[in-house]
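What follows is a pair of complexes built around chain A, which joins chain B in one and chain C in the other.
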Partner chain A sequence: MVHSTISLPQRFLNWLRSWEGLLLGLFLVVLTINSALVPAYLSVSNQVNLFILFIEKSIIALMMTFIIINGEIDLSVASLMGLSAGTMARLFELGAPSGLAVAAALCLGLICGAFNGFWVTVVGLPSLVVTLAGLIAYRGLVWVLVEDRSITTLPAWLCELGQKPLIGPFPLALLLFFGFAIIGYIILQYSGFGRLVYVIGINRDVARYSGVNVRRVKMILFIASGFIASLAGLLYAARLGAMRSSTAEGFELDIITMVLLGGVSIFGGSGSLRGVFLSILIILNLRNGMGLAYLSANVQTGVIGLLLILSVLVPNLVSSLRARMVRHRELTRALEMAESS
Partner chain B sequence: MRKLSTAFAILVMVSMVMALAPAAMAQGPVKATPGQAVKMVLLPKFLGNLVFDQAHEGALEAAKELQNPEPLQFLGPTPQDSVAGQIEIVTNSVTQGVDAIMLSNNAGDQIAPAAKAAREAGVTFVTWDSPIPSAEGEQVFVAQVDFNETGRVMAEMALNILGPEGGKFAVLSASPDAANQNAWIAALKEVLKEPKYSKLELLDIVYGNDISEDSYNQALALVDKYPEMKLIMAPTTIGIAAGAKALQDEGLCGVEGQEPKVVISGLGLPVEMVSYTLNGCAPQFALWSFRDLGYLTYYVTYLLATGAIKGEIGERFEAGRMGVYTIEKDPTREKGLRVLMGPFTIYDKTNVEAEAK
Partner chain C sequence: MMMTSLRRSIRPEQIRELILVLVIIALVLFFGTQVEGYYSSRTFTRISTSIAILSVVAVGETLVFLTRNYDLSVGSIVGFTAFFIGTQLSFYKDIPPLVAVLMAVGTGALMGSFNGVLVAYGRVPAIIVTLGTMAIYRAMLVEYPGNKIVQMSALPAWAQEFSRVNVFQVGEFELRLIVGIALAVVIVFQLVLTYLPFGRRLYAIGSNPEAARIAGFPYQRIVFTAFVLSGALAGLAGFMFMGRFGNLTVVAALGMELQAVAAVVVGGTSTMGGVGSAFGTLLGASMIGLLDQSLLRWRLISEFWRDALLGLLILLAVASDRVIVERLRTLWARSELQLRPSIAPVPHKESVHGS
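Moving on to the complex of A and B:
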């Protein structure tokens, strides 16, 4: 019984390490199959396209990792993407300078994030409910703003940024994604703030009684989430050169899928940005390979779904198996000791 | 050796087509040279919709006629992922080096950058069923019918069903803010002003929101509200099927030789309407054939991809069993070219069973 208290965090660490190891293995398998079977897969343009097609979701998934590890959820991100794109497009259409339109959309992201944060931290409502309301309300606002049409008059420089490479073959959004991934990794894994994100996620009440300013941390996370979502909305509109009221509808589920497959516990407190980064790589490369192999969209959805089911089952199965093996080993040792005495 | 000779034969054919093309334009419609290898992708709005499967069948029929050695790829997104999915498929198709993409656009102008990138990569890009509004990245739109024609077809069917004495009828539409529905109803009202249709009286317009239950109830409400009403006109495939079921359930469309009290007409799918047409609830309805649309789209795209036509106003070409078509300026958009398929097919007892198979 004595060493089990020592081995519990050790085992937890092992599990984390092995889950990420599994993801890495899976990624290598996908990589090998793709490059063996699909001739165009390894071309630079395809490698860039593969990220660009899902880049906005990937950027938000990095932020969502913080939120879910913290024990919360933000379902309003996709609606906020639409609202931000709609605000920018509508303002620009009405004659506002392009810089002002973009800044206003980003500010609106901060405000909506703070609005979500207010209800969660000050009023104390569950984030599932608050951001579900946000999902509906922000989308409703887009419909009021844009109605049943598409806006194609977007700032030319914004579309240029969204559609043309900025450095080498890489467009802005791709550079932002890798930048955010590195910054996010450092903050979450090596900073005091990152540790607070975990501590609160493991047990909110214990954290509060230990003097952690839980409200402040959560508020910062929701504001950041709002900002990142509105930035992603602008990037999406810029990439497509147009927006509609339905822009980015339903993206939140894909984003949460990326995070959960990365080994982040939906109950908070565990997971890492490394795992989520790997999971993004797996999903993107898998979709790309299946798409290039002309697999039907229904099959693709099925495969990703299967992957998610496995990602929920395997860790549970592994930990219960391991517990049984430990018990078995202890039992045999006890028997041996009994026999020798 | 065999490969080499095939390649040579193709080369000869291509150069022949190129040499003949200007002459052919001056003389008559351009004809396709069968047997050329063109990698083509048919991209519907989403998978799992019957009408797109019919378009796929039509495209396969054309592919067989044209003896294209490359198989036709039928790739579509899931309904929940239609916009991003269509963009993804276009982008991946370019990576795969396809020669031509045929798109039923569900992404509005949001598909334009991907379509333009495809054009820059030398891919032939044709839309069908639903165009790119700005026409950016699109060479030609193959339009099913002239949307203004819809009003006339509805008035014509009403007159056919009610007879020269005419009568009173109501419209069961989808939703109050569906742009195409409103355009069709406006066109119908315009046509009703003509002396030929003066005996037709439009009582009311109601909306079933393209939900079966709502449409069913709205049809029954119309029957209760207007005892003198003889016909419901539903320019929506969901509305007409639900309305027909309502009339049938209430025994309003003539049981066992009785004179029908109220019947329904409009735009419907033969496979969904066949029983109502045979039992008299929906004696006549109209739709364009999606099979023909797929067939014509394949021909247009094949001709463009092989260089037989260039995609310019006034070019005439032959599309197999469907005859000769001309590329024209699309009057419904600011920019863009179209090939107008038309006309409507009117279905009744004589032809509905064959189409519903």
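Moving on to the complex of A and C:
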């Protein structure tokens, strides 16, 4: 945070002009259109419902923000969701106590995260390739576990946690999301670890030469990502009350879109959880609105894909246009000076 | 002295390709003992046609990889063109074969050029563009007007026959036209990469984009062309896909981009650009196609292990590149420096006339 001498209203105006301000505007537009078209759109129960449909992706998006700011990427999260749900369901089906099944799934998440982290930090491979291999391999393991069946016998208490509201109208997953969002925001913006995440993302080599333990930070992030993904997988299976080998397939696109639309640079080093939070709200409401307009899920994904591209293309075009304008202005000024002298 | 001449004539990449060939031979021998009737012309045809489609896509992916970019949309392009051409052919049965091929290649190239414009001129990172277009092209396929399904029986006669046409036949052994096309594509692009200025520029850009730009290479145009070619080859593969399977649904070629990336990476193309070859990619595709098709027939383990093994294979390939090939490359470079002081960083005066 830069504490400058600019007055508070001025800072607020500057914020409105930034990417996050644009997101806020976009969010309000989507919200206005949807609520104009559908009565009771803004009611608490509808908003909670809408959140719940994408809650697992949103939880992972929070974690993915850390990874991408750090200059890495984790494409394996969706497969890990499937793997953890599959492990839990298969163990429970084979007669293991439900608590043990859940714990085993979470542990597997930690292990897979560490596995990704090992190849990235110790061997030094690009995370895109490592987690692409993870995407294929973890999904492959789900197929080995579950084959082409669907498992519908899940622990009853888990399903209840996933489907019934826990406090007020909010189920566990939603509370976890808000909890993670607040904790994540504090860690990323105000803790030393959060600073390191940014510093490494800006320039890995400079960070290393300054004595930052780059490997440790990255390892922690990948392990945490594995854990969060497997937690999200459990929540997803609990909410649906069933799982198949293709559970959560392709979720990585939505998750990465949420992060990048939130203004996080794919090259690392910049972005914030505030922006990601706003972009999650936009995507949720947009998808919901498109659903209400009877657009198929595939078209919705296509629109999200377009949004993803535009979220990078538009700032690029604006900045190159601005650079051209500045150059033009300087050129005319130089010409004027040359004429007057 | 012998070591030196050996080192001069063989590059580390070639050693890697040799190892890959040996591994493929070992795999064939291994599965020969495990699967009954493995060495039959039918198995060969099955495996070779499945390798053919993958290698055409993967060669295009190689071009993009060489420039230090990714193309994750190829699976959707293959699916869309296969579906598009299939639908067109079932409605207009008098489209000549050559026109159908050109339509497929053109559609693919168009989709590739959309990627290329955004990456090269819009300066949007390739992973974002192609993740996005992967979803967009798939959505276009799903929303394509018609009855969402292409049936073999609705296709014209030549298209139904396409997958069974041979280039030549020796006794039992048949080389399918699909395989012939794939081999031609690999050979043409191997030559392009080795001898044409365009090919060499791909390497230059990939090994150091900044230097290539400063050296005055038309960076944007070359990256754009790489994406167009990748799309065009995916379009061609889409045509082959349509010809091979005939019956298509909207999930056609879903996930093929992962297999293509796997083939490229296993084939020794660097994810950091600048290193790789079409021939290596053919080997990578062969290895993956071989594993894919052989595991299906191997009784001992369930076919569901396929993807888990594939993921592991990718990791091992990339890691061995990192650990072994890079070490070899340094070794090569170092011995070369000792042999020819003229290219050493600090040149001696007499070395100008020497060597």
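Going forward, the second predicted complex is superposed on the first by the 293 of 341 C-alpha atoms of A that agree within 3 Å, B and C clash if a C-alpha of one lies under 4 Å from a C-alpha of the other, contacts with A are read in each partner's own complex, and residues count from 1 in each chain.
As a working rule, a residue touches a chain if its C-beta (ideal position, glycine included) is under 8 Å from a C-beta of that chain, and two chains touch if they have at least 3 such contacts.
If you're wondering where the values come from, they're calculated on a predicted model, not measured in any experiment.
Trainee: Could you classify chain B and chain C on chain A, in the superposed arrangement, as clash or fit?
Mentor: Superposition check on chain A flags a clash between chain B and chain C.
Trainee: Give one of first, second, both or neither to describe whether A:45 is in contact with chain B, with chain C, with both, or with none.
Mentor: first
Trainee: With the two complexes superposed on chain A, say which partner A:124 touches: chain B (first), chain C (second), both, or neither.
Mentor: Touch partner of A:124: chain C, not chain B.
Trainee: Have a look at where A:309 lands relative to chain B and chain C in the superposition and call it first, second, both or neither.
Mentor: second
Trainee: Quick check for you: in the superposed arrangement, does A:244 touch first (chain B), second (chain C), both or neither?
Mentor: The first partner, chain B, only.
Trainee: Now for A:270: first (chain B), second (chain C), both, or neither, which partner does it touch?
Mentor: neither
Trainee: Using the touch definition from the top, say if A:279 reaches chain B (first), chain C (second), both or neither.
Mentor: neither
Trainee: Should A:298 be classified as contacting the first partner (chain B), the second (chain C), both, or neither?
Mentor: In the superposed model, A:298 contacts both chain B and chain C.
Trainee: With both complexes superposed on chain A, which partner does A:134 reach: first (chain B), second (chain C), both or neither?
Mentor: second
Trainee: With both complexes superposed on chain A, which partner does A:144 reach: first (chain B), second (chain C), both or neither?
Mentor: In the superposition, A:144 touches chain C alone.
Trainee: In the three-chain superposition, say which chain, chain B or chain C, touches more residues of chain A.
Mentor: C
Trainee: Quick check on my understanding: which residues of chain A belong to both its chain B contact set and its chain C contact set?
Mentor: Residues 296, 298, 301 of chain A touch both chain B and chain C.
Trainee: Could you please specify the touching residues of chain A with respect to chain C in the complex?
Mentor: Spelled out, the residues of chain A in touch with chain C are 73, 119, 123-126, 128-130, 132-141, 143-144, 147, 253, 256-257, 260, 266-267, 296, 298-299, 301-306, 308-309, 312-313, 316-317, 320.
Trainee: Which of the residues in chain A come into contact with chain B in the complex?
Mentor: So the residues of chain A in touch with chain B come to 40, 43, 45-46, 49, 53, 148, 150, 152, 159, 163, 239-244, 246-247, 250, 287-288, 291-292, 294, 296-298, 301.
Trainee: In the complex formed with chain A, which residues of chain C make contact?
Mentor: Interface residues on the chain C side: 70, 118, 122-125, 127-129, 131-136, 138-140, 142-143, 250, 258, 261-262, 265, 271-272, 302, 304-312, 314-315, 318-319, 322-323.
Trainee: With touch defined as at the start, can you tell me which chain B residues reach chain A in the complex?
Mentor: For chain B paired with chain A, touching residues are 47-48, 73, 75-78, 80-81, 83-85, 87-89, 91-92, 95-97, 107-113, 133-134, 177, 179.
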